[in-house]
């Protein structure tokens, strides 16, 4: 049994990590830490995690996190690097935040500001080459939720060279992606019954991460026009991704079938079936489908994930499994909760 | 490994049974059957059940169900009795429908019409005496979703005699409780943004089941005024139950704490915390809280369950575990999926 | 044309008052004021109020509100009394807050704390005697949203003496009733997919207002056991109200038909039809239906309103019409927005 | 007063037409007709339309519709042409269906099958040249809901030549756009908590209508890659539209500000503000915002409308106003219902 600490246990990402760890056969849950909520019961923040309801949250410090085999960091961006530096190299640190995702220090400065903390092995094992870098790693940068959906949707096409390297993405998401931030536009009364775009015009911070992933997969620069849309549901991302192509639907389907044939968590759906986020709720799965619009000359790929599971905490546990040498699928659900 | 068949696999109850069985360590999934959907892929109806997506639904007949150790029936009421009669006594038959829930043939005729098929051991192990009848049983009647919430909420109070035997219940529910019926009032556009009462004035068929359970628990007749309310969410029942009392909140709390001290799935929440259905989503749990309104002289008990899990399929699997002599909690989640 | 100011224009109640005033034939909109949002555009807070989008919010003070014929106060409780005292007696002040609803100073102190500001004519014209007190009034206390639904549902029965004076109410509501409060449990991700009870055991501050209204209607003390439930929708209250009766459904229906025969905004539905909140969305209407559960010996009355319209701002405008001597229905929608 | 009949009065489009007509100063509501629901009360289908609740639906025939000044047809596609042919040329016929939207008979045959019924003046007055054709018209083809949002979003840019004539659109919609169809994927339990794409790869029937509108506006062929997404809300379309550009955000903003400067229903939002569908709920308005993503070299335009109001029934009434020589804005709300 490995002993695990979770920093940021009162938030949505931390809660989902704990939900998955509770079902993991090889993990023992150690320290649970928080910022402003330190000293309160976990049950006050995560009433669904019954077995841990009476655990009291400790302060998030290097001391409370020390002495664990694995530490998950589910903290606001900019908070992980300093903490991680104080944790020994024998501890596996899995960062659910953004601090170590971007390879390019200039990109970091432009999009997040301040100094770059360096990049860690990138936690999307399904990307070409990524899995090997994760095996035995002691530091892992968990991808952003949008880049997960979009990279899974487009990497096979750009890698196979069947599309031009200019992609257009609209990704619709539930509101848990914004975390438990107390902002007026995230109130239930505002969210329900409404759709809204935000971060339009290429200004969302997940954009450079998509550019990075797809450019690596393509072996040449790929531009990404990305628009996120907020919709009235707690969880789920549905990404609609397209790019110019001269391929047929059959050719594109073959590329994707081959790319994901051996992946346990990425499913190309049967012809005529399209992804729904509900089918992935609580599961570490991605559902994909592709079609070529011959009139418009574009390949369209739709991907559905649960932003908190495959989009965050499930990826984190999947990478932990790889890093610790456990079976990659250990403890990870492949069935969703529906309806 | 026991081999299991599920009749009604394309519906919501059948889908939830399968979701739980997929995570059960001791079960092997055999025939999946349906009515009108026979011959189609399960994935077309239950896209969240990925490991079974390519299984083809067979016709619901005694022949297709024969030869399994366990058969779950998730069929419209009135359809179970005849099928069950054709299945051998060595087969465990777990009926998620209403046919065998009521003990009183007159009550059956009044509320459902037609002849009574007889009653089976009642699948709410947390009711006094119920667990013993379920151990080793070969026929089980799974309770209705509302009676589960309401009986868990009120049985301790009526059994302890701390309330008068006239209870008032308003239970709010998500729309999956109505099944996949193609009725206008269940369309998304009608349901979202609306609350509606139905079956008002004591005419809902789950009423006699509540009366039965509470009268048995009380040892005397209990009347139930029951109003169901439809709310815009897929899953969940929140039951608000009250009855006249002279007890204090502290006394009532003690009654409930004692009644459920050893129950793995029923949780009396800490003082000041009230149940939310999200905390039970996909879990086989019930969350309860009690308070006495001294001004009005009433005990108020609020119970939250997931109507498809503890309210149907989870109870079915829990009873199966008891009937087969497995650990009662085998394969049953106690953590919900939230937010 | 009367000139109107709205204090609290950035909130939900203030926004709904403005929405109705924009459609009112006799009103000119003057000062719009706020607390922390003073100095910002109204459009930033109420993007649906296009004709006023570029109006800048002023500070809520007696000075900015002075010089208007009508002032609506949509402020947190405890904030209205002092402001109103500084507005002349020739100004009509319509208080959407709680400060002047309760007649009994002791009840005020118990439920809200502090000194009682005195009571104003109570703004539910459909209550016996209430309409006359509102005609020509210069101060109006708009009822709470729950007391509106519950009083309309039960006043006829208690006034006619067809029920015992102990009533039980569960009222389900959308989240706008809580206002734009930045609290974790009101976040979209928490609210959607969940039902939760709160203020259980008779501790909700709207309880004494129901007791007051029903006791006045009955001419004797009436006890109210009230439980509010939060559901995932922006607007709407569905109140399920019951009390012991020996009357029949037909007798009860007659009582209600008579009570509301001439009311333009309260509709007893045809037999067999039950209220839905969607039918009242954005309308100043209440929909009611009654049934007697003979087995349980209880009258059940279900009422649906829009908590922001008939439950707050619509009632405010209706009372303004009465106070100013305008047609009571001026500017008030009787059709809802559905689906 | 003009006398109006509505065919398809039990559906969502017909209901919305009636809601608007009830608030129109110059209209008297005559025959209300339906197919399978003929003979039933309107209140059973449209409980929000209280003033018409007791009206009985007649059969949809030329006879019941005859003798009105205006006839609205809210019927499945393929049903309007034959009926309209039987209505006199002095009757204004406003067709909310698809039959007369496409100019090109071949496009009709390809996308809808069968013979083309001919095209009528196209009911989007904000398109260049469209308004004149609608004044005094006796036949009007109301646009599809998606083409309304997308054409308003992109026509100025393609007309001004600031984008390349290849546009990419993802439009997210509420479920009322599908009408009251009794299909499993439209059930509340399926829709809530889920996002799903459909009609992917350019196969949605609204695509040729967008191509037609934008090609006319551009004066050259425009290709449209269109993907619709279903989201959990009753009403609303949020369209994210993009195309390659070398213009700046300021230049694009100027184009749109000029294009819609005099339009009463189309609003370019202030800088930094993005459209939300809730702000348009029940209103005949469109909210737009534009931004250029310089990295990706694309103009992104986001448009929000209510699919039933500006997307269908509001446009129908707006066109009726033009055709009858009434003020274009008569009876049409510009404030939404929010939250």
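Worth pointing out:
Just so it is clear, A, B, C and D label the chains in written order, and each chain counts residues from 1 on its own.
Here is the rule we use: a contact is a pair of C-beta atoms (placed from the backbone, for glycine too) under 8 Å apart; a residue touches a chain by one contact, two chains touch by 3 or more.
Source: prediction; values computed, not measured.
Considering the contact criterion stated above, the chains in touch with subunit B and with subunit D alike are A, C. The chain with its C-alpha centre at the largest distance from the centre of subunit C is A. The chain pair with more C-beta contacts between its two chains, of B-C and C-D, is B-C.
Distance from the subunit C centre to the subunit D centre is 35 Å, each centre being the mean of its Cα atoms.
Within subunit D, residues 12, 174, 176, 187, 189-190, 192-193, 232-235, 276, 278-279, 281, 338-339 each touch two or more of the remaining chains.
Of all residues in subunit B, only 12, 174-176, 178, 180, 182-184, 186-193, 232-235 touch subunit D in the complex they form.
The part of subunit D that touches subunit C in the complex is made up of residues 12, 15, 19, 22-23, 41, 43-44, 46-51, 176, 192-193, 234-235, 267, 269-270, 273, 276, 278-283, 285, 287, 333-339.
Those residues of subunit A lying in contact with subunit D across their complex are 166, 168, 170, 172, 174, 187, 189-190, 192-198, 200-203, 207, 223-227, 229, 231-238, 240, 242, 249, 274-279, 281, 289, 291-298, 300, 302, 304, 338-339.
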